[in-house]
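Paired with chain B in one complex and with chain C in the other, chain A is shared by the two complexes that follow.
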Partner chain A sequence: MDLSTILTFLIFGLPLIGFPFVIGIGYIKKNYSMYLGTALIFFSFLITLYLFFSYTVNGTVIQYSFNWLPSLPAIIPLGVYADNLSMIMALMVSFVGFLIILFSVGYMKEDPNRHVFFGEMVLFTSSMLGLVLASSLLMLFIFWELVGLCSYLLIGFWHYKPNAASAAKKAFIVTRVGDVFFIAGIGAAILYSSGGALSISGLGAIHLEWQRTIVALLLFGGAIGKSAQFPLHVWIPDAMEGPTTVSALIHAATMVTAGVYLMARVYSIDTSLLTPTALTVILYVGVVTIILSGLIGLVVNDIKRILAYSTIGQIGYMVAALGLGLGVTSIGLSIYQLEAHAFFKALLFLAAGSILHAVMNVRDINKMGGLWKKMPVTVTAMLVGALALSGFPGFAGFFSKDSIITASYGVSVFAWSLLAIGGFLTTLYAFRMFFKVALGKPRSDPAEHAHESSWIMLIPIVILAAFSAIFGIFQQGFYDFVENKPVTGAFGIAPLTLTDMVPVILMLAGMGIAYYVWGRNSTIPQKVTSGASDFYLLVKNKFYLDVFFTNVIAERGVIGLSAVSDGFERKAIGGLVDASGKLFQNSGKVLRKIQTGLARQYALIILIGLILALLLLRILMLSGVIH
Partner chain B sequence: MISQISDLFLVLIIVMAASVVMRGRAPRYLTILFSGVILVFLSFNDLTLTNFNYGTLSILSLTFQLNFVSSVLLILISIIGIFIPLRYKSTPGFFILLQFLFLSLIGLFTVRDFIVFYIFWEMVLIPSFFVIGIWGGKSKNYAAMKFFIYTHIGSVFMLLAIFTMFFAEGASNFSMSTLISGISTISLPYQAFVIFGFLFAFLIKLPTVPLHSWMPDAYVEAPTEGTVFISSLLSKMGAFGLLVIFSPIFMASSLAGSTLVPIALMALGIFSLIYSALVALYQKDLKRMMSYTSIGHMSFITIAVGGFLYLNGSNPLASQLLYYGAVFQLISHGIIIAMIFSLVDTLEKATGTRHIPSLGGLARKLPGLSFLILAAFLASVAIPGFSGFVGEISILLGSYAVLKFYLIFVLIGVVLTASYHVFALQRTIFGPYNEFLGNISARKEELLVAILPLALIFVLGIYPALIFHIFDIHAIQFLGGIHP
Partner chain C sequence: MIILGNYDYLWNVFVLFIGAFVALFVSLVTENRIVLVTIGGIFAAASLILSLLQGSTAVSIGNGTILLSGFSELFFIAILVPGLLSLVGIAKSPVSKKPGLMIFIFLVSLGFMLLAITTHNLLFIFVAFEGVSIPTYVLAAYGKSDSELEAAVKYFIIGAFSTGLIVFGISLYYIATGSLMLGAAPSFQNIYFLAMGLLVFGFGFKLAIFPLHGWAIDTYTGTSNPISSYLSTSSKIMTLVVLFNIFFNSPSFFPYLKIIFAIIAILTMTFGNVVAISQNNVKRMLAYSSIAQAGYLSVVFLAAGTGAYNLAVISLFMYALAYGFMKGGSFLALDSLGNYDIENFSGMWKRNPVFAISFAILLLSLAGFPGTLGFIGKYFLFLSVLSTGTPLAYLVVIVSVINSVVSFYYYGRVIMYMFWRDGKKERVPNNYLLYTSALMTVLLGVLYFLVYAFAQNIIPTIAPILVGGL
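On to the complex of A and B.
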């Protein structure tokens, strides 16, 4: 192990080993936890930065694995694999993670359990760093599970709130459904490659097309759960019960991007690992997710849930980008969208957190309004976030998302049109949220008394806003770096065509409509909801997917089956066992009567028994059983 | 010093005799000494494969073997033997019975003669029966009787199977190696009966649904220290039987390579997993719920053995993942379930109830206990970092080679298991505090003792090579099929 390997291990190892100390030191003084936690992630970021500029940019891939389970015929590797893709992810995770934790120092400073909170945040970030640097599918899965565990603990951080406890449970179980597909995918990868595909670099050892399809689809099953894609996206909106900084971390840097990273990771090793069948599934799961989440985002009133649905949609773009099947170009498009999204989504969540901090955690946007004057920095930052989210020319989302839409034109016009409509919906709900928060008059008492947050919360917001605004300038370099070759012809680099303008026009139209409908006093929303009431109800009820999962599958299905099993257990099995017990007791009572005490009767019974035994022996000998 | 197993038995019997003679606290501390002696014995033998041959006694062959499964189980016995005395200040009688049980189990896990195996198998029943019957809960007699009769029905079939082998083969003694290697010479119906007889006995003991109904009663009615050792050690008898007795018999028989029995085993395992999770989901009594957890964990062993026999050595990687995973699962489950039941006891002592709807929000009043319960539950759900993960993931990955698409049923079981665990957590330690519980507190020393199993669970979960190394230093002789 040389220095670079040790340092790579330290990127996630330092916070991983440090997190118990973060909690422990809190018993001396609660605030020490905050400082130690922030420092740990900051060190991780510095190490990543150092490795990035002294190794990765020179084309060095840091690889090191050891055998986790000895004695087996194949090596079960755990270790690090740091190439361009994983290092750029690690850089983003540690940087955004650091900013969010810095923001938490201000946001959580009055919580009595903040030492636990910071410990869990550190563990969360380090798990995600371990995930992106993993050298094998198994190690990736280990950290994948730890990420899930941390989200469970953090969503339920305010565990005394019944909603939070319930949301944590839901997140855990729903992502668990995805996780088991991941397990099956690793099992399949092991079987079809005789263990070779366990390490990331050996994934190409799966040779047959149908085997690759199976592995890809099973792994994608895991990604669907983690990255909240249709139909396993239902846990994310509920997960808003946790502290806002947790939501920021889940949505921007960790957790939901893990699924996209997994697929990109697999794709980057060998572009034929995602077969055409798998790619089609991936593309359309992404597209469906974008449209559904865009529609739902329009009718939700909870500011955090709007952002949650926007995350689902934006991840949909990343997934769809991979599903386009353009080889390394897809990876570039997808990961660039991932990182751009990380910046503006972290920004939007932190801005939302800052607002909620000011308005006493009233999350309904109908109760806000006029906050631009009260909190100029936060709400201006939010405007930057909304512009970036909807892809206003010049902002991060414009370069990342419109590139994907443009690239899709060459693959499928149908997918292209849906992706473009998705962009339109994104703009609508982003500006619906922004106009309702920023403009008009305060519509509630807390909004009336809102005031700007403290500087420690504003610094991360401003940094993130700056990145969301200027991230576009890295586009060319980013593609070159991730794809490991000079890229030409990408959107924004190649000359614009007419179809390239469609998303921009749709976006500007969306902004206009959003202002016309929600930016001023208007009765249009009421008219639309009453005019298309069936459709409105369908969307308002989230296409009845939540109801289906919660009421039909969980409550009727599983709990019902469980009640039946319990009844069967007690009545049938328990009853049968007790009945056979009774049978022997009662037969004992009956047979007791032949105990007469009369010697002659006994002698008779012995005689009869003897004759029967001899007869039986004779029959057995005749039939050849006994020789 | 005590590298011979006869010396081990001698020393252990002396320790036991001392426990009988001395009163008061002595038996409790002597139990810890007892466990220490086992560890010393293991370390003198370097955990390697060792055969101990003491000639024959009439038709019995006094042969013992320390193989990797028995090494792992002996380690588990000593862990439990240290944990129970530290955690519980029970009466001297209990500890004497416990030592007697350990002695029987050590014999059971090492002996290589079928009749002596049977004798040890029966000896184990005695202390368990008395512990449930004397110190048990409300319907202790019912539970003790049920436990006894159930196991006994299994034992009868096992005894018949042993005699069938002995007489049909015309063997001169009951040595396992000769009887097992000669099994393919006898007629097929006899072979089938032998396989059935052993399987039946082991599946009852494991237990596997639908032969499990003794178990929730025995676990719930037993005193908590009894539950700890019954759940942790006694279920390992069935698992040991399946892995070390049944598998070689099956692979040596003419039925080796046939798929009916392995498929049936896997189907039973999957059914047990799903069924136990569904029943557990509906339980209101935390202790009863956790006894179904035990069924769920042990069903992974059934699946692993079924998959291992199905492969019949054709895929070494998958075979060994299954087999080693199962052995790892033995020690991992043994520690986790001991921790869970002792924490349920602490919880019951602190709150006065283990009825789930009467609890709620304990994290607020009992943060230490809640943390430990959370950790134990996560270990039970097989979250990485805890030892449960290693056994489960090995078995799941290995069984894909056998089950392929049908793995989905195992995975449904995994999700259901996770569901009832987090559902129970939500209703006990999370959520709003149940004010009816009043002002409660847990005993500090009980929480401190729980750190011992937790630490072991962590160490094994992060560095499973500790156990997997043992597999490496053994030449696997008695299972020809592992190395084709």
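On to the complex of A and C.
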């Protein structure tokens, strides 16, 4: 094990070991845990940065595995695998994680349980880093579950709010559905590769086409749950009940991208692992998610839920980019969108958090308005975020998202048109939100008395805004890095083509429409809702997916099934356990009686035992049963 | 003709004897318990350090009478660690007014324990074994209360009886093989087997396996806590290793050995667990549970003569280490309480949360709860036996696992009293030996691969010496 391997372990090991101390030190003084937690993530970030630069210089993939459970016949490798994909993910996770935990120092400073919060945040970040650096699917799965656990804990952090508690449960259960697919996928991969796929780099040992399709689709099932794609996206909007920084961390930078990372990881091992069938499924799941979430985003009024639906849609672009099946180019497109999205979505969430902090947690955008004057820095940063999100030329989203749309033109014109419409919808909801928040007059009392947040909350916002604005200049260098080409230079923008103009025109049109409809006093929204009331209701009810899951699957299916098995459990198994317990208890009472306390009796028992044993020996010898 | 050489390698034994006399002479000047225990502790710790430093080279002293190897090093550690815990426990325990003599006896017996597991000559084993027995009779009686005297007398009577069996067994062994060295090939099979059967019963009494368990319950319950801890850990592990040395060197006895120990293991663990269920006195419950644990430990004999040998030794070491911590720690924990009735544990969570958590950890480890060293030891032990693949092994392991499940009932009952019953209110003093044991159980349970790697590094040297017959 050389230094770089140890450092790679430390990236996630340091916060993983440190998180109990973060919570523990909080019992001495609550604020200490804030400082310790921030410091831990900062160190992780520094180590990642160092490894990232040393990787760009010498380009050696850090690979180290040891055998977990050496007693088992199979070799189960655990360890680290850090290539360009893992590096860039780790860098993003630790950097955005650091900014968000810094923001939390201001945001959570009055919460009585903040030491627990920081402990959970540190654990979350470390598990996410472990996830991207894992060398085997099994280890990836362990961290995947840890991430799920932390998100459950963090979403339910304000557990005294019934909404938060049920949202946490919903997130946990829905992602669990995906995890079933994931673990089945791991099993299938190991089976089909005859054990080779225990370590990630052995995935290529699956040879048959149909086997690859099955493995790819099962793993994608896991990714759907974690990355909130249709139809398992339903948990994210409810998860907005957690503290806003949690939303930013989980829903922008980290947890939701785990699924995309998983698919990219698989795809990067061997581009033929995702077969054409699997690619088509992946592409259209992404496209459907984009359109659905864009539509729903237009009718929701809760500022955090708008961002949640926007997250779902943006991840849809990442998934669709992988589904285009362009090999390493797809990975480059997808991961670049992932990183850009991490910055501008974290920015939007933090800006929203800053606004909510100012308006006493009133989350309805209809009750805001006129905030640009009251909190100029935050709302300007939000404008940057909205521009980046909708892909205004020059901002991050333009380079990341529009590149995907352009690339899809060569694959399928149908998909291209849907992706472009998705971009249009994105612009509409982004600017609907922005105009309602920023312009007009304050529409409620808290909005009237809003004021700018403290500097510690503004610093991360400004940094993220800067990144969202200029991230495009890294585009070419980024693609080269992810695609493992010789990097010509860190800066550079991929050349634009004519088809690029379509999304830009749609985007500008969307901005105009948004201003026309929501940026000033107008009655158009009411007219549209009453004009197309059926469609409006369908979208407003989120396409009845939640109702379907709750009423049909959960209440009719799962609860019915569990009632049956509960009866079986109580009557059959419970009866058996009770009976055996009673048997043991009664025989205990009997056997106890031979413990008389008389030493001579003990000696007698020994003697009888000895005679019996010798007799047994004699019988065995005579009968010759054993040789 | 016995030629002593290489005795430098036995310094870890010598320091114990030296320490014993130092303690004795210091006690002429002062009878301060803390001072004397510190002296004893320093020498025992020195012995532990010397054992750790011993290295894995195989050394033969006196024509193979004493064989030092990685094997003996492992079990030096497994014996010295709980020995040290019990020794330090004397400092707190209200045992006697004359601790100097007690430390002297304690260290002498500890020294003989180390000798007993290294010798490969039956006569030496016998002497060393008696060198352990006689001091421990005295230790058991040391407090001079009625219960302690009763405990000691029973221990002594059964011990003397077993000594008779051992002597008889050794003489038959000599008749059968014409040698007192272990691993001698028998000329008379029948007498040899008779000798082996006698040795199982003679030596087995200290291990408290099923028909030989009677004294153990009364003695463990009756004597003071450090001595209960000492008798049920160090002394038991020593006996197990002695039996291991004897039987793993007698290949022609293997098939019978397996059947006998399969029966003994099943009976022992079932008996211990079943009776422990109906105990209301926690110390007595722990005594029964240590019978059950002896059953789990003796499962290891099923690995005799198979390729699972190395794994069996490593896992026996891990389980012995775990056993030392959890049994030693739980007996020593009782010193913080005046009365061992289970009612007296109620409300522990409010009276001293650290105590409650630590004690619960030890109980869970005894039951084999994942995440503790007890689980790891049991897991590897069963795994090594299972890897022999015989139906007998499967039967024994299945029974063991069922027994582990049953044991959750009575361990869990104490935990339930500690956490969910309100009762007593008075505070319980801190018990740092308990905390140390609990911490080590969890720490080594999590970092078990370090223990495993440590044992694995040492082990290659044992195979050629010990298992010549394989």
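One rule holds in what follows: the second predicted complex is superposed on the first by the 542 of 627 C-alpha atoms of A that agree within 3 Å, B and C clash if a C-alpha of one lies under 4 Å from a C-alpha of the other, contacts with A are read in each partner's own complex, and residues count from 1 in each chain.
Going forward, contacts are C-beta pairs under 8 Å (C-beta built on N, C-alpha and C of every residue); 3 or more make two chains touch, one makes a residue touch a chain.
Since this is a predicted model, take the numbers as computed values, not measurements.
In the superposed model, A:M360 lies in contact with neither chain B nor chain C. When the shared chain is aligned, no partner comes close enough to touch A:I505: not chain B, not chain C. Set against each other, chain B and chain C touch different numbers of residues in chain A, with B touching more. After overlaying the two complexes on the shared chain, residue contacts for A:I608 are found with chain C alone; chain B is out of touch. Contacts of A:A599 after superposition on the shared chain: chain C is touched, whereas chain B is not. By the touch criterion defined above, A:H159 reaches chain B but does not reach chain C.
In the superposition on chain A, A:L617 makes contact with chain C only, while chain B stays out of contact range.
Across the superposed pair, chain B and chain C both touch chain A at residues 70-71, 581. Those residues of chain C whose C-beta lies close enough to touch chain A in the complex are 153-154, 157-158, 161-162, 165, 189-190, 193-194, 197-198, 200-201, 205, 210-212, 214-215, 217-218, 255-256, 259-260, 263, 271, 273-278, 311, 380, 383, 406, 409, 449, 452. In the complex of the two chains, the chain B residues touching chain A come out as 146, 149, 210, 213, 275, 278-279, 281-283, 315-318, 320-321, 324, 361, 363-364, 378, 383-385, 389-390, 393-394, 396-401, 407-408, 411, 414-416, 418-419, 422-423, 425-426, 429-433, 464-465, 468-469, 471-472. Chain A meets chain B in the complex at residues 67-74, 138, 141-143, 145-146, 149, 152, 156, 159-162, 164-166, 168-169, 172-173, 176-177, 180-181, 183-184, 186-188, 190-191, 194-195, 558-559, 561-563, 565-566, 569, 573-574, 577, 581.
Contact residues of chain A toward chain C in the complex are 70-71, 581, 584-585, 587-589, 591-592, 595, 597, 599-603, 605-606, 608-610, 613-614, 616-617, 620-621, 626-627.
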